[in-house]
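Next come two complexes built around subunit A: one with subunit B, the other with subunit C.
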Partner chain A sequence: MNHNLPIYWRAGSWLLALLLFSPVIALIVEALAPAGELFDHLWNTVLTTYIANSVLLILGVGGLGAILAIPAAWVMANTRIPGRDQLQWLLVLPLAMPSYVIAYIYTDLLEFAGPVQRFTGWESAADYSFPEIRSLGGAIIVLALVLYPYLYLLARTAFLEQSKSQTLASRLLGCSPLQSFFRVTLPMARPAIITGLALMGMEALGDFATVSYFSVPTLTTAVYDTWLGYGSLNAAAKISAMMLLVVMLLISTEKYSRRKQQLYQKNTGQEQRELVELSGWSKWLAIGWCWMLVILGFLLPSLVLVEYMIAYFDDSWSSELFEYGLNSLMVSGSAAAAACFIALFLGVYQRLKSTSFSRIPARLASTGYALPGNVLAIGVLIPLTLSDHLINELLIHWNQSTVGLIFSGSIITLVFAYVVRFSAVAVGSVESSLGRVSPSLDMASRTLGCNPQEMVKRVHLPLIRKGMLAGLLLVFIESMKELPATLLLRPFNFETLATWVFQYVSDEQLEYAAPAALVLVLVGLIPLIMLNRSLERQEQK
Partner chain B sequence: MSALKITELACAYDSSAKKSSPPGTNIAIASNLVLSGLNLSIEDGEIVCLLGRSGCGKSTLLKAIAGLIQPVSGTIELHGKEVSSATRVTPPEQRGIGMIFQDYALFPHLTVFDNIAFGLKKKTTEQVKQRVQDMLQLVNLYGLDKRYPHELSGGQQQRVAIARALANEPSILLLDEPFSNIDSQVRQHLVREIRDILKQQKVAGLFVTHSREEGFAFADTIAVMGQGRIMQQGTAFNVYHHPDNRFIADFMGAGNVLPATIEDEFHVSTPLGIVEATRPLSMEKAGNKESLELFIRPQMVEVSAVDKLENSLAQESTSTFPQATITRQQFMGKNIRSEIHLDCCQGSYQLVSEHSNPVAENSTVQLTILPHDLVLFDADGQTLNS
Partner chain C sequence: MKKLLSIASAIAISCSSLLAQAAEEVNVYSYRQPFLIEPMLKDFEEQTGVKVNVVFAKKGLEERIEREGKFSPADVVLTSDMISLFDLVDRKLVQPVNSKTINENIPAHLRDPNNQWYSLTMRVRNIYSSKRGEKPADINYEDLASSEFKGKICTRSGKHPYNIGLVASMIAHKGEAETKQWLEGVKANLARRPQGNDRAQVKAIKEGVCDVSLGNSYYFGKMMQNDDQKAWADAVYINFPNQKNFGSHVNISGMVMAKYAPNKDNALKLMEYLASEEAQSIYARDNMEYPVNPKVPVSDTVAAWGEFKADPLPISEIAANRTKAQRLLDEVKFDL
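Entry: the complex of A and B
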């Protein structure tokens, strides 16, 4: 059905979408511009190492993540072990842990002077043979520990959706349980596993804090150095475009792996899941494996943070905490509100003008989510600095005094970047709740005397309120935790909780920012709790 | 005055297709048309059932009448007022139409009361209250006004939908497969009840279904849709027994087809024997036509066990029809439906019969085609009767 919307709505949708898409365009245009000296120099010297490090990081995090997550996912989907109900959601919690906090804590624990090494009993530097944690390998371990839940969640869902009868059939055809896992269960879950790996890869590629803390140069750190160090937007854009290529590669791998998804998901649905009762060593191995992930990825670091907070309470409970907390609240809140407004605008446009053409704005507005934070920041900087210069030049042209940089280096830039990056979450949320509103409700309200605007107000808005609130909350939380783009775009001397914590991590003084780090962890827990609730509801159905 | 009059209506599959072609060039996109050259008229207070195969455009037609999609060409008039033409299309909210949906389309965030009051505008609170209570009384749901839709059964939800649509005093009520989600036990009762409500309120109704039985029970007249237009409109009896063409004949129910030649006004010869007509056949129409087909409903084919026949052979010796074998039987409740096989008269024939007397499967039977008002089609499948 096609409803007539006022022109401002239609035009507004396209304008908003193009505005949100402009960083991508700007980035590509700038990257295609002729290379400057700096880029040539980097290309000839260190850039290949950076690329290699980035690729190794993605592969390493994916490989280690798979080893950690897939067994845990299978155990949770198919077996009954003590504490299964709790482990099911505990295993997701590491996602709430900022990777740099984990990196800091493990460095502190495992380093030269840390408790672990003292316990193992070295006496002089000559005895010291512990592998260096501040290395590419260390970064891989830390990132895998916080990112594995992506893969765990997707693989577990895929295992749960598999029909028991297929495994049974393979067993009757002569497979041992292990053979059956590798020949039937795992291949059937392959699309979900690849999606999980792609997500982990994108996060690993975009990570700045961990690799920076461990001094592992990657493409992400290169973007920082070229922009913040050398002030070359062109070189930064070129390196960002490289990262964009990697992202596109990851996304297309994911799309390719899902091309036959219907083939894989042919379960009859209505069957009772039978959980296997493990016994003996396999039972303890399963329990130990899952708890190891939870303890290393969440419980231990949280405990250390709490301990820091208690020990350094007087120093860390400062006015700065509240000031920066308020900053975070303000920018994240504005971004969330703006993203929700945009999502509503675009969602309704798409709903009311149901043509394939009208679906484009929402898709354009959602592309930002795939960009790593620093790539997005460079993309945002290009059009904004351009308009700043234009404004100033115009003012000079009219013999007025210049106004300085209005956009770049202001809070507006930061909010805009968050909106570009996280609108997809709000758009998705609004889209899915609008999708659940039966089209016949639209027809009913129209025949009962509503014009399109009244219909949106009286029928759609009340029905998607929950979805919009969820979108608002998710954008808020994501913005609150965002670090790489914030570091690049924040105004001078403007700190959010995330940049503040990272600052202390870099200065080897996380103890003093422990309360702020805990706030970030707690805020990060909220969406996980929401996710778990909705997953549980799905499983009950 | 007719409640609804549709003239030469054409609609495309996708409403966006219209934009690509200016009015008058609809031939160019004819392949994309789901409705074309459609004519339909409904009198005041008349209930018409739109019958057709799924995908034939029934729902598209309803949406065009309601103004939810834009036709490519043609006009739609409601009570003599043009609401849709090539130049002007009235938006749905200004048409004064009620619509009932398969999934009821109740607003889940509103109570029964608020659902029914949804379309009531320009009324005082007191008037609204009164109107809603009247409506609840009408559909037998008095006292349920504070419930939410999910707290009601399917039948109750559909009655709320009826109340909501009627509260606005629509000029015509459109019903899109309203009973398909209702349990079969409740359905018959609900169909009768809603028909009574429409008749009592003197509202014209256009009812879409693919179930013939529902259509027969609910409507005054049946309009059979096919090939994007209304093929025949008439009483259920007429459409069933005097179909305009083979398509309608087949759609309305099973039948037997035999090659036929007209002997005289009252006799048609078929390979199985002479069939008698109870109403004179129009000779001038049939005169120049060679290959005719006789369409016989299963009720007109009678079978009787042969051993019984032998006992009373003397009185029934006039039967001109051959004997046959019952190959399959199905008990239908009131009747038995039998598939019959014959090898005779230079060919092999399969017939369907509906009879009440029990005959054993695989037994040999005496076949009789009862004299009735014969339905003959020419080579193009068009009827000779009209």
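Entry: the complex of A and C
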């Protein structure tokens, strides 16, 4: 259906999208120049291994993440198990754990000379036969453990928003609970699950800290090598463009494959949910599964951090942590709010002007996510320094005093970088929520005399609040943990919790930054718990 | 229009005053880590009243400075190895400095004849060997490729600037073909895939994963001071390689003045301070590096390792081979 959106909305959508797309344009322009024989050299030596590692990493993280998250999401949305109220939010907590911290901790635990070796009684490294943690497998496990909450959150929201009537109908038509899960529940949640998997995949593809800690060279390594080792931004941009292409291809394939599907539900969020009572082995399996995720992804690493903190408190406590915390909070909060606003703006535009043309802005705004952080940092730097130069040149031209780098030299650049990198998360969750709102509601509200803005405010917003909140939260937490772009783009004398922690991780001495790492995790917990409160309140209605 | 513009620029100016534009200040882009240089910068601020603003980064500052162009606020750039130092120079992001004080404090072979770059400290790329065996009377980098070390060598990533520096120096001495052979030999001798940092290799020796490793000199001193890591250091000998031929490979940390430095005078003050005896002795004492200022002695810990012969090849000749080194490391798939 096509609605008459005001001009500012239409123009604004395109402008915002192009703004977020500008770093990618800058990189594409950079990639177009010929790279000479450097590319051949890479191709003939290491690039194929890097590509293979990247592909395996994405598949592994996605596959393992799905195995971990989907059962947990379904259990939480549909069943009543002891401790459900707590597990509800505990399951999201691994998201607050930066992957470079958890990678460090598991290496410390599982490597030779670690507690596991001592406990199991192996005498020396030579006869310690635990699988090498610093490997592709180790990277997959660690990344899946901290990234599965993406899928969990989106899948659980989808399961929660699913109307019970379809499952009931399928059961009436003779499906077993399992059949009904695979034939109704799962396909209905497919957009959310795919979005979750895509987010996990892109996050894994763009990861540098973890894979480099585990010395698993992937395409991000190639990008760093070419750019920093060979000094060729051009070849680095080429590799990034390739990565981007693959991601966009994957996403559009998925969208294309369900082009003829229309999934709507007439659930207004007011429906009474009936939770299944689990019993016997299935109950214990469900409980054990969920707790395993919480323990491995959050509790165990947090305990190790607390242990580090107690042991090294005198060397590691710094009163400046408070300031770093505020810095993190400020930039991440601004980025989250901006990303959500943009996601809503573009999501509504796409829905109300349902032409294939109107889908473009949301896609453009999401591309930044597939770029490795450091490349994105350069991508962000190009348009921002250009605008800075333009402003200063104009001021000189008009005989005014120059103002310096007001964009690229201030925290604006950090907020912009986070929004470019993470708005895909917000766009994804707003989109999948909006997608589940039946168009008949639009028609009804327009028939009853709402103009488009009123309709968004009174119909869409209340219905997609959960999705928006999830987006806000995810962007916030991701921004808190973000490293490569923060390290490169931050203004003078500006330290965040993440940069402070990473300084020690990169020196393999996380022990001395344990308090900061704990604060980083704790600050991430607050919005997580808030989100869950609101989800629970919605359920109780 | 003009009025609007001046209002706009007034707002912009008040914004940018938040960005760090006090009267007396100097802006530093640093690859060196905060805990090392912050005490020095504080000392400098107290002495001169000049405020120091810092951006710390691990990678990519060259690109940032290049993009910032002539409006870049950077005055001084501090690097932790020769690779990024020469990247800055080769990308023409630096300007020559004319200071008698600096030139008196830093010997000629540790600075650019054109005054574009200066070394601040030196560190040796040592070979650590396990105390399970005898301390080798003489050991060379070349030996790491020989079959006696099969499955006995640990190292960090070959692509780390410290290793690239070593490979670049091998190319300078032996040529590309021979260096490639050498790298292939070393790779075949590795006990495990390159991983971790220089300390982690010493830990691996202690745990019996390997018998020899490559590592910078100051790590040995720092590990001895650290309660947890002392046991690792105690398990190894520190060896200065190639004493009977071209000498041990020495990498440097360094400084340059940025091409468009807006606070040139203060930048000069800071650079002079960093080469001074005071700052140099902090480098020697706190980070156990070899100071470039000949008037400053090494720390007692470092002195105990004894004298050694350093590779006399000019730094610029070594650094000129850095891209070739990176290529060879890719060609032999050193890290894979």
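Operating definition for what follows: the second predicted complex is superposed on the first by the 310 of 541 C-alpha atoms of A that agree within 3 Å, B and C clash if a C-alpha of one lies under 4 Å from a C-alpha of the other, contacts with A are read in each partner's own complex, and residues count from 1 in each chain.
What we mean here is this: contacts are C-beta pairs under 8 Å (C-beta built on N, C-alpha and C of every residue); 3 or more make two chains touch, one makes a residue touch a chain.
Just so we're clear, the structure is a prediction, and the values are computed from it rather than from any experiment.
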Considering only the touch criterion stated at the top, classify A:Ser319 as touching first (subunit B), second (subunit C), both, or neither.
neither
Which holds for A:Trp398: it touches subunit B only (first), subunit C only (second), both, or neither?
second
Output check: A:Ser279 vs subunit B and subunit C. Expected answer is one of first, second, both, neither. What do you get?
neither
Go through the superposed model and pick first if A:Ser506 touches only subunit B, second if only subunit C, both, or neither.
second
In the superposed model, which partner reaches more residues of subunit A, subunit B or subunit C?
C
Set intersection of subunit A contacts, subunit C complex versus subunit B complex
none
Would you tell me which residues of subunit A are touching subunit C in their complex?
41-42, 45-46, 49, 112-113, 124-126, 132, 134, 214-215, 217, 224-225, 227-231, 233, 374, 377-378, 381-382, 385, 388-389, 391-392, 395, 398, 400-406, 408-410, 484, 487-494, 499, 503, 506-508, 511
Under the touch definition given earlier, write down the residues of subunit C that touch subunit A in their complex.
2, 5-6, 9, 12-13, 15-16, 18-21, 27, 33-35, 53-64, 67-69, 71-73, 87, 91, 157, 159, 164, 192-197, 199-200, 203-204, 206-209, 228, 323, 326-327, 330-331, 333, 335-336
Subunit B partner contacts - residues on subunit A that touch it in the complex
1-2, 4, 355, 357, 438, 440-441, 443-451, 458-459, 462-463
Please output the residues of subunit B touching subunit A within their complex, sorted ascending.
14-16, 63, 66-70, 91-93, 95, 97-99, 101-105, 107-109, 118-119, 121, 161, 164-165, 168, 174
